[in-house]
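Lettered A, B, C and D in written order, each chain numbered from 1.
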Amino acid sequence: MKREKATTLYIGPQHPGITGNMMVRLKVEGDTIVGARTEVGYLHRAFEKLVERRNWVQSFTMMCRFCVPEPDPVEESYARAVEMLDNIEIPERAKWIRVLVLELARISSLLLWHAGQGHSLGLYTMGQWSVGDRNYILDLFEDLTGARIYHMFIWPGGVRRDFPKGFEDKVLKTMDYLEKRLEDYDNLLFENSIFQKRTQGVGYVNPEKVIEHGVVGPVLRGSGIKSDIRIDDPYEVYDKLKFEVPTQTGSDIWARALVRRVEIRQSIRIIRQVIEKIPKGDVYTKVPNPQKWKIARGDAFARTESVRGEVGMYVASDGGAKPRRVHFRGAAYVHAVTLLEEVLIGQNIADVSAIMNSLGTCPPEIER
Amino acid sequence: MYNDKNKQKIVDIIKNAARKHSLWVLAYGTGCGAIEVPATMTSRYDAERLGVRGAATPRQADVLLITGYLTVKTLKRVIRVYEQMQDPKYVIGFGSCTINGGMYFDSYNTINQLDLYLPVDVYISGCMPRPEAVLEGFGKLQELIGKGIANGAQQYKENLDFYRENQKKVIKNWDFQDYNW
Amino acid sequence: METLLEKIKDRVNANFDLKDYKIYTDLKRVDLFFNKEHIPSVLLYLKEQMGFRHLMHMSVVDWIEEGEFEIIFFLWAPKEKVKIFVKTRIDRDNPVMENMDNIWPQLNTYEREFKEMYGIEFPGLVAPEEFILESWSGPPPMRRDFETDKYAKDNFATRPGREDAQDVRETIAKRSGEDIPDFAKKYSR
Amino acid sequence: MNILGAVTTFLLAFAVGMTYGGLRRKIVARVQNRYGPPFYQNFIDAFKLYSKSTAIHHGAMHFLGPAFIMVSSVVSLMFIPVLTNNQWFPNLNFQGDLIFLIYIMVFGPLGMALGAGQTGNPNSAIGVTRGLSQMVGFEIPWVMALIALMVQYKTTSITGLLDIQVQSGHWFMFENPFAFSAAILASLGMFRYSPFDIVGAPTELASGPMSENGGKFLFVMMSSGSVFAFVKLTLIVDLFMGGASNLIILVIKTFLLYMIPVTYGIVSPRYRTEQSITYFWGWPLFFGLIAIIYAVFF
């Protein structure tokens, strides 16, 4: 009789190496993966059903919960979609503040990525450092919005409130501190020979097929294609700002790591520019009373560049006081299901967690 | 650990003193709240100085953090995990969604009241709770353990039928074997 | 920009019978309406011939009053930097849509989700196991005639509120021995 | 060999190992900008684990696995001269106990393998496979270093080697530096700290062979681990650093030795299995060969 060689190995839902609450079912022969299947649905809260029972502003409190590590791009997408639907023109200063918030969110999420990438390869010091430093960014958020994680700040019609007193100096101080720390990160993570050994040539994504697979963000840029929503169809004031979009051609974990390493510095650069040339003025336009706010029939689709790549929000209105349909497209919706299942084939068990981190897996935005 | 302070035997007092200063948290992020757990464990709010550290598998863990809302699919896994943990074990309900559903009160896929399905020792309010609140919750749990009244596991054993009934009401495909300690 | 969008519309119109179209110049967006049987060939043409290689999104809207599902494909041309929304309507009572995950592999995920959430049948769907819900009994939840609050009330017991509808701030203030600050007073009952 | 002395040796080894573990956690925490747990945290953890009820039934071998590890640690401890010529810490020693020690020190992981095999947890199985293959990696330079000493000084008894150092006053780490470096590099793998913590890698295997062991099982593993750490440190001190005439010197020397794997582990990620074996068969093996050649010809 013939023995079945492949054993089934479940990574998650309870597993220290999994990112969030999901499961990957692996077929393993020795240490090599011969088959992978993503199983999600552990975080399905049916947001898109719940917003049918809430009006335009109430449903906006749901938006930031779509993706936990980086809530602001989702808020931004929803706000812009609603503004497209209702033809709301938001004041100039609000746009600049939105950019500031988005870039701060990008930095905090990239610091979380540092932690995840280090942790998944057993370098726990990296995680301790970067998550500790992330608190300083969250302090800025607390100053500005009043919340650490879920700051419902970017809302249809502008932003909730203006800078508190002395906020700009705090931002600049934090950026200086962060730039000092980034050198330490380089010494610890990027110049670490073991880290390079573990990441180079691992988690290879085929560069020919990335666009057809709907791959976005750092994974796309890591395989040599220069694509960034902030450049391709600019929103808010990104066309007035100077920043570079890094690309690498390795198309493995190491290449994505290098792309993100440059991105966090570019975000700091953008924030400095914003603080420098932000105009004076009003921060929100008057929107109708939320109870009576009706939006004419139509639909809109707004895209934002998050850390994991392009996220989009489709909003359809039936002329009523409640949205007819709100449908969110997360980068992980593609990365963590079809792409991950393909990339994992032939890899080593030891690298599963690292690959998931570098592909930017974020379960809540898959199931929503 | 089952009776209260004045009836505690001296050995229980010693045991509880050790237990309250070594709480191993199971590494299972069941919801949004899991984003604040790393912040709690790392440098600014260093939870390890209170003896709180992560445990990889249910067999080694003492504390089960229910970080936020529980979908029905996750609830099944959480129950399995909880039953794999060894006595004494504690549950911390994390965030307002575990208390009364929070903002998901009308969702068809999330439970509203955690303590119908698992015995909860400490609730932490907030959406989401700040790391200070989490540390406060751990402190409260330590206080209860010291008094010897953090006896959720005992409750679960004694009222197993009640919990099972509620669990089976929610989980449609019930395929667990019987509970064996 | 106007002319580019017009040209795209005309090129598609020349090859397929276009039911209707709409052009948003400021958003760089063209909406194209088709009958559902044309959709696969249209998508294939747009992807292969006209450079709309990136499928941004696929969505379904439940227009219950008109008894129809609207299925929308969001395409993006990386070179021209233009959006195209390909829209079609299918019958809501026996919703069947052609399976197209050979054109874009990630459509497989979307189709698995919509099969579950709307009950739309995709014949020949690869690996059509359940995606998000587990052993779900009852109507597909994302249809508008499914009432989630009623379902929640029936299945999940909620914690009863406090009988005396007293102000929480006062309770906390009494417990902690502090008095409510003035700015909070004007909100308390 | 008096029982009282043996018990004292065990208690000393347990206390020292546990304290070192706690100090390690403290040092790691300080590097990570944290305050860190108190140095006696490991004692609390151990007592808590002991006081946990254990309701895991996977069969006889699963119960015997931790016992094997404990036995191997204690037996190998009994063959280590803790202090030089002290009647309080006696040791069973005979001609050739070094060879016996080489065998008994790999006995523990084998017992662990037997125990973990029966849990039926795939993580345990994979972890055991990794552990054994890694052991193949670091045992070879380790044994080569010891053989170099045996060849060089024509004795296979630890006390013999120790006496030679004490009488001559020359430590072997200077007499035969290649053997010393080979042994140190191999001991990095024995301690199983990062980058060689591939056996119980949490983010890969959910703590590997220990996945199914909680409560008292984990207590036994933890304490035997700390005893074994003491054994390894003391053995290296005895063989290469001229032993220790009293406890203070012993603690100083062992702690300095212990800092090598700890500091290396703080800043390095985890190797993959084949990478770690390649590491051990690189410089450590080379040093081992040089050591033997040096021992034979000089």
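To be clear about the criterion, contacts are C-beta pairs under 8 Å (C-beta built on N, C-alpha and C of every residue); 3 or more make two chains touch, one makes a residue touch a chain.
None of these values were measured; they are calculated from a predicted model.
Enquirer: Which chains contact both subunit B and subunit D?
Expert: Shared contacts of subunit B and subunit D: A.
Enquirer: Determine which of the two chain pairs, A-D or B-C, is joined by the larger number of C-beta pairs in contact.
Expert: Looking at contacts between chains, A-D has the larger number.
Enquirer: Can you work out the whole-Å distance between the CA centroids of subunit A and subunit D?
Expert: Taking the average C-alpha coordinate of subunit A and of subunit D, the gap between them is 44 Å.
Enquirer: Using mean CA coordinates as chain centres, what's the subunit B-subunit C distance in Å?
Expert: 36
Enquirer: Based only on mean CA positions, could you tell me how far subunit C sits from subunit D in angstrom?
Expert: From the centre of subunit C to the centre of subunit D is 58 Å.
Enquirer: Find the geometric centre of each of subunit A and subunit C from their Cα atoms only, then give the gap between the two centres in Å, rounded to an integer.
Expert: 20
Enquirer: Give me the residue numbers in subunit A that touch at least two other chains, ranges are fine.
Expert: 15-16, 41, 44, 46, 49-50, 53, 128-129, 132
Enquirer: Going by the contact rule already set, what residues in subunit C reach two or more other chains?
Expert: Those would be 133-134, 141, 146, 148-149.
Enquirer: Would you pick out the residues of subunit D that each touch at least 2 other chains?
Expert: 32-34, 202, 206
Enquirer: Applying the document's contact rule, which stretches of subunit B touch subunit C when the two form their complex?
Expert: Listed in rising order, the residues of subunit B that touch subunit C are 72-73, 76, 99-101, 105-113, 116, 166, 169-170, 172-173.
Enquirer: Which residues of subunit D touch subunit B in their complex?
Expert: Subunit D residues touching subunit B: 25, 29, 32-38, 41, 44-45, 47-48, 51-56, 200, 202, 206-207, 210-215, 218.
Enquirer: Any idea which subunit B residues touch subunit A in the complex?
Expert: Residue list for subunit B touching subunit A: 26-32, 34-36, 38-39, 42-44, 54, 56-58, 69, 71, 73-74, 77, 81, 103-104, 106-110, 127-128, 130.
Enquirer: Would you pull the subunit D residues touching subunit A in the complex into a rising list?
Expert: 28, 31-34, 122-123, 126, 194-195, 197-198, 201-206, 266-273, 275
Enquirer: Under the stated contact criterion, what part of subunit C meets subunit A in this complex?
Expert: Against subunit A, the touching part of subunit C is residues 27-29, 47, 53-57, 59-63, 72, 74, 78, 81, 83, 85, 104-106, 108-109, 130-134, 141-142, 144, 146, 148-149.
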